[in-house]
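Pasting in a structure now, in structure tokens, and then I'll have a few things to ask.
As written, the chains take the letters A, B, C and D, and residue 1 is the first residue of each chain.
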Amino acid sequence: MTTIKDSVHDHIEVEGVAETLLDTPEMQRLRRIKQLGTVQYVYPSANHTRFEHSLGVYHLASRALSHLGIEGDSAAHVEAAALLHDVGHGPYSHNIEDVTHRHTGKYHDDVAELVTRGNVGDVLEAEGLDPKRVANLVSGDGKFGQLVSGELDVDRMDYLVRDAHHTGVPYGTIDHERLIRELTFVDGELVLAEGNVQTAESLLLARALMNPTVYAHHVARISKAMLRRASERLLEEPDIDAEALRRMDDADLLVGLRLNPSTEAFAERLATRNLYKRAVWAELSDVPEAVLTADHEEISKLERAIADSADVDPTSVILDVPSRPSMKESTSRVMVNGEIRQLERESPLVQALRTAQEQQWRLGVYAPEDATERVGRAAANHLGLDIDGALVKDVRRGIHTTLDEFE
Amino acid sequence: MTTIKDSVHDHIEVEGVAETLLDTPEMQRLRRIKQLGTVQYVYPSANHTRFEHSLGVYHLASRALSHLGIEGDSAAHVEAAALLHDVGHGPYSHNIEDVTHRHTGKYHDDVAELVTRGNVGDVLEAEGLDPKRVANLVSGDGKFGQLVSGELDVDRMDYLVRDAHHTGVPYGTIDHERLIRELTFVDGELVLAEGNVQTAESLLLARALMNPTVYAHHVARISKAMLRRASERLLEEPDIDAEALRRMDDADLLVGLRLNPSTEAFAERLATRNLYKRAVWAELSDVPEAVLTADHEEISKLERAIADSADVDPTSVILDVPSRPSMKESTSRVMVNGEIRQLERESPLVQALRTAQEQQWRLGVYAPEDATERVGRAAANHLGLDIDGALVKDVRRGIHTTLDEFE
Amino acid sequence: MTTIKDSVHDHIEVEGVAETLLDTPEMQRLRRIKQLGTVQYVYPSANHTRFEHSLGVYHLASRALSHLGIEGDSAAHVEAAALLHDVGHGPYSHNIEDVTHRHTGKYHDDVAELVTRGNVGDVLEAEGLDPKRVANLVSGDGKFGQLVSGELDVDRMDYLVRDAHHTGVPYGTIDHERLIRELTFVDGELVLAEGNVQTAESLLLARALMNPTVYAHHVARISKAMLRRASERLLEEPDIDAEALRRMDDADLLVGLRLNPSTEAFAERLATRNLYKRAVWAELSDVPEAVLTADHEEISKLERAIADSADVDPTSVILDVPSRPSMKESTSRVMVNGEIRQLERESPLVQALRTAQEQQWRLGVYAPEDATERVGRAAANHLGLDIDGALVKDVRRGIHTTLDEFE
Amino acid sequence: MTTIKDSVHDHIEVEGVAETLLDTPEMQRLRRIKQLGTVQYVYPSANHTRFEHSLGVYHLASRALSHLGIEGDSAAHVEAAALLHDVGHGPYSHNIEDVTHRHTGKYHDDVAELVTRGNVGDVLEAEGLDPKRVANLVSGDGKFGQLVSGELDVDRMDYLVRDAHHTGVPYGTIDHERLIRELTFVDGELVLAEGNVQTAESLLLARALMNPTVYAHHVARISKAMLRRASERLLEEPDIDAEALRRMDDADLLVGLRLNPSTEAFAERLATRNLYKRAVWAELSDVPEAVLTADHEEISKLERAIADSADVDPTSVILDVPSRPSMKESTSRVMVNGEIRQLERESPLVQALRTAQEQQWRLGVYAPEDATERVGRAAANHLGLDIDGALVKDVRRGIHTTLDEFE
């Protein structure tokens, strides 16, 4: 048994197959992938990695399994899946996942190829585990898959607390120990035991507060959009394909962008935190349906059209249309009066948080600082926005920004 | 200048009049009054006092004044008021305030007599401060009174964080430093600056989560109700009047209850945590309006009637009808698009939290363990409740209880 | 199983006999005894109790037993002893123990009578445990007694961390989880496993830093000395004997001192933090051997003589001669190269800390503020001290005082 | 003014010239340099950067200046120096500094060229500051230089607390706020005020405990030695010179090592945590003076000789001879009886800690796992060590290792 000291959970005991898995290059690579990608441009201390998060998820999974009385083969598979659940992440975690997904059709939790073959597959088989079963658990399949990926999974319990510890934003500080103690299986479904409507709400609220303050902070969004744009460019190079890019780490991508003539300008900007600024920042209700449903092709076309009208270089316009807000936790299940109930049926907060999320949603158009006005006008025109309202809202209401660290 | 080490705010600097006020018997008495009264029956570490809380509120007031650029005479008065804001608390803080209020007509923030006369008044006058102005600030009067007692006051910023630190329940861990930095005065009103709708919400949510988990935990409510009942008895004794009781500390009251034959049984029960149990635990919608609006006299009558029907001693029935939920923070003011707006108009959460609070509201009837069934049936009858539903809800849904420490 | 939320260890699971023991009046009484007695005069947040500490010690004992693979009967006895280890504490913990010891011949860990009889004895027997064996474990007897009371016991692991949490002084923040994981039994002796010389040192250092800053802070010492003096007086009253005093709680003693004419002046001073001040504060090397070895009788005589010379009331002089410094942890055992070694043989720090403790040692003479000069001179005379040096050292060097909170 | 949220100090206010300096590429580069280099191989959460540390040091400097009453020009220079004090760090902080120093003659605090020219120099001059004066302050010159680099500097106050927060090892948790409040200037020297011998000791002890547990953990030393060896190789490449290497960030170096045929094997090992193991681990007293005083040339020669004898590739042997222990804090100055005294004259701990450090000192010889035995014997031979003793000590006594994370 190995004991690893963690800044969040103190001592983490790693045993059995997990101990061997830690040594694989696939897991070690996660040491070089930041958990929160470009969020460190807003919160300078947010440099924690997918590696320590994976250890944390493994730890919480072990504790949950022990509380649930699950042992043996099932427990070993769930623990392996918990440790491996992020092994498919590309550089900068979720930041450029959309880009690689367009080229490969795969998301980070599509880990079958990583888990069933190569080092990881070998370790799993050598230890008598079924790699395919582990891959399915990572995808959240089956009864025990809910523990790894689901509304009440240990993944989010770890990341909320960990992100709070490293950003300094206290909103994520949930009572994860209580959550784990109250998990139970009823008719094959993972639920919180009686008397825990509020426990479930607390998880939901923590996410609702961390979201605009940390994960979707406008500076994090802008730098992410720049990174995404640069990565698209990089993929146009003949020697780099999306599968290779997915297996890079943060350092590879950063240096790759620097060394490539078509991306070095972006690399330079990111390296010096010389970021684009918001040219437009518009609310959901002000954005035409056609823009909301535009696909990547249409977005690119709009960007080019805006750049043309504003008389700027095409790389100087980034149109950032987030998907409509969703709230996975809303379907968390809690026992109420002996029945399994979905949280959204029990808690008046769920609908309110949904409304709040829609209010916080923003479409962004980003451009170099000296071009924001021109780009803003051109964008408003092409997107069918009321430009004055959009910009006023930018300055005045905005989402909650804990700090703007030199904007 | 004196520097005091605090478990929550680390070093607290106390200067000027505040330093002298700390030495008065009135302030020193707060060392012997627990901040959370009977909550320690649920959370054994919750033994912090009104004294350290008062220091914390003083500290946050000083920081807020400094951020707001308020100095001199106004600042000195606000700081004195912050330090003195709880000086009127009786033993066990809010726990028996209803009782003393019925006899004296005064609440704990009615501090005029304490602040304008005696040691405190003398100190204030000696230092050139106006005691009446300080007393008014404690009541929340005037522009600066909002800092001491209002929707965005530093009182709740301190107690949320402090209660979280001492109970171990993380929900109260707000970003108090951000709140203080974003306070500003607009047209004489204390508001949060632009971009802080979510900051205001976070304060509201912290309270909403701490409330059922800590402040209104059923064990804390039961023991509080027993303490209240015992205090009423004590006041029937010839040598104790309500004004004297208000000036006692926790030790006085505890020993007083022990030494008095009519209250010693309650004292014994409290000392050994041999508490009454819930005979009824009913939801708001199940309680007839007449019961909800019953005054003290009518409640007492109902208790006697229930005791009669259940054939138990009158002291064996306590009917606990909390007032309807309110939410002071809902009227917090935030700047939005250059206008002062009430939070409840901006945030969909406010209405949802109000609904949640109504769902969590419970009427309780408490009795010695072996009498709960008889008393429950009698109470349901007299109160016009559907007994089965009421009891089922007790067991099944309940409010969120972080822990039930031997129930 | 009951789960209790603790501010230090988060969730504490209480099972079996421990759960029933918690309900005894003897254990519940510890809720009303402050862990650090008069230290709260220096650190206002230090209001934690022997009850939460006892829970913490029980929790750490359980964890240690589980790491050591000890189960069944032995584990149950150790857990009961851990929970009960402080049940013999009188009001204000160690503060007046010298006084009651003089009258009863018993210290707080002489728990045989409490543990073998009455409620506690009944519970233990009903659960099939041997009360005498539990009492012996509390005294540190036998192999497993070392876990409860010894150089490496879980008692000090809990109190260092807990006292740090509640005073705000970080020095006590040890890595208790590591200590527990490294405990092992070799030849019946409790030792730290190989590679832990520094782990053992860290425990020693934490105590060495907490001692002058917290436990022996001069304000805590003065108020403790006043409390002791008052308690002696109280014991001269016909209706109070030392055995009864030992079973009081903090509130009883406080009110007792208030209600008794011969002690009400002390009670008033303590209630208003109107403490005596240092008239003399002398280093070890300046104090004659005869004073260092004086017994209670001789100390009293000296006090009266000093009072006479200074022409003050006898109660106005308190002579406080601490015992010579000792360092229990110095004999902690650590495995080194396969042998059990005493820490003091392995670590150069032990001797240095011993020297440091001697340097920090101070004899104190305390008196009302306006009498300090007169009393100081008289005391120097009677004690054979060089008065100027003694007083200069008071002001100049002193021990480390984290804060002097209005001196 | 900009406010930045920090995981350690919460809100950090950055004003004036500091705000502009933060935007320079030189400062932004520190975002990509880990504070503790290879320590993350031992403590996976230790991914914090020189950037956040620099902000922390700036913050503590500002607070110290404010307590000391230093304003205006002097304060602005000190604040700039505090922010810039680590701007000269190469990739992996101190890890490869010996290597670049051999080629450039410069250490990381030789910042004159970076601070007096280029972006940083321009900003300083534009804001009316003297770049040369700032560079001198970084070197610790002059009265105020002591605040930036000296025995009581704010640099170590930040890093101890920050490293504790991110590794999870509590030993570094000092009372930095107290240290800052007690700093004062006497006769131009930075000293701690009267009554702070123990405050000074606490700083010393924190370092003494963090050192073997964190900074000099054997796994961190081994990986550092491998990184150093690889960097030496890299510098033999024609297109890389030491000045360029010094200006790289962690990503540059990592990718550089990967892409270069002569270093890719090391890069692969580091990327997969496939580290060398200890072939020898010898105590100070067992190492001949000639080895202790060997220069780089001689060390290289010894390594080659050992490799020859063990019949392994020359890259397979790393001889790691740390310099003899020193203890900068031992000369901290504290006021005692009105005089400035060096801590080592006042505190018996200083000499003891020096002895402890010598006991913890180890010479290491590292080799691939399958070659440790052969290399160990050859090394013992060439270095004149008693091989059996050396290896036994490796296994048995060792330094304190908080965790061995898969060794």
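Just so we're on the same page, a contact is a pair of C-beta atoms (placed from the backbone, for glycine too) under 8 Å apart; a residue touches a chain by one contact, two chains touch by 3 or more.
Just so we're clear, the structure is a prediction, and the values are computed from it rather than from any experiment.
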Other chains in touch with both chain A and chain D:
B, C
Of the other chains, whose C-alpha centre is the longest way from the centre of chain A?
C
Separation of chain A from chain C, taking each centre as the mean of its C-alpha atoms, in whole Å
51
Provide the C-alpha centroid distance between chain B and chain C, rounded to the nearest whole angstrom.
34
Could you tell me the distance, in whole angstrom, between the mean C-alpha positions of chain C and chain D?
40
Per-residue overlap in chain B, given as positions that touch at least 2 other chains
3, 10-11, 169, 178, 402
Within their complex, state which residues of chain D touch chain C.
169-171, 173-175, 178, 194-199, 201-202, 205, 209, 212-213, 336-338, 347-349, 351-353, 355-356, 359-360, 392-393, 396-402
Across the complex, what residues on chain D touch chain A?
2-8, 10-11, 19, 22-25, 28-29, 31-32, 34, 40, 43-49, 51-52, 55, 165-169, 250-252, 254-255, 271-274, 402-406
For the complex, which residues does chain C have touching chain A?
3, 10-11, 177-178, 181
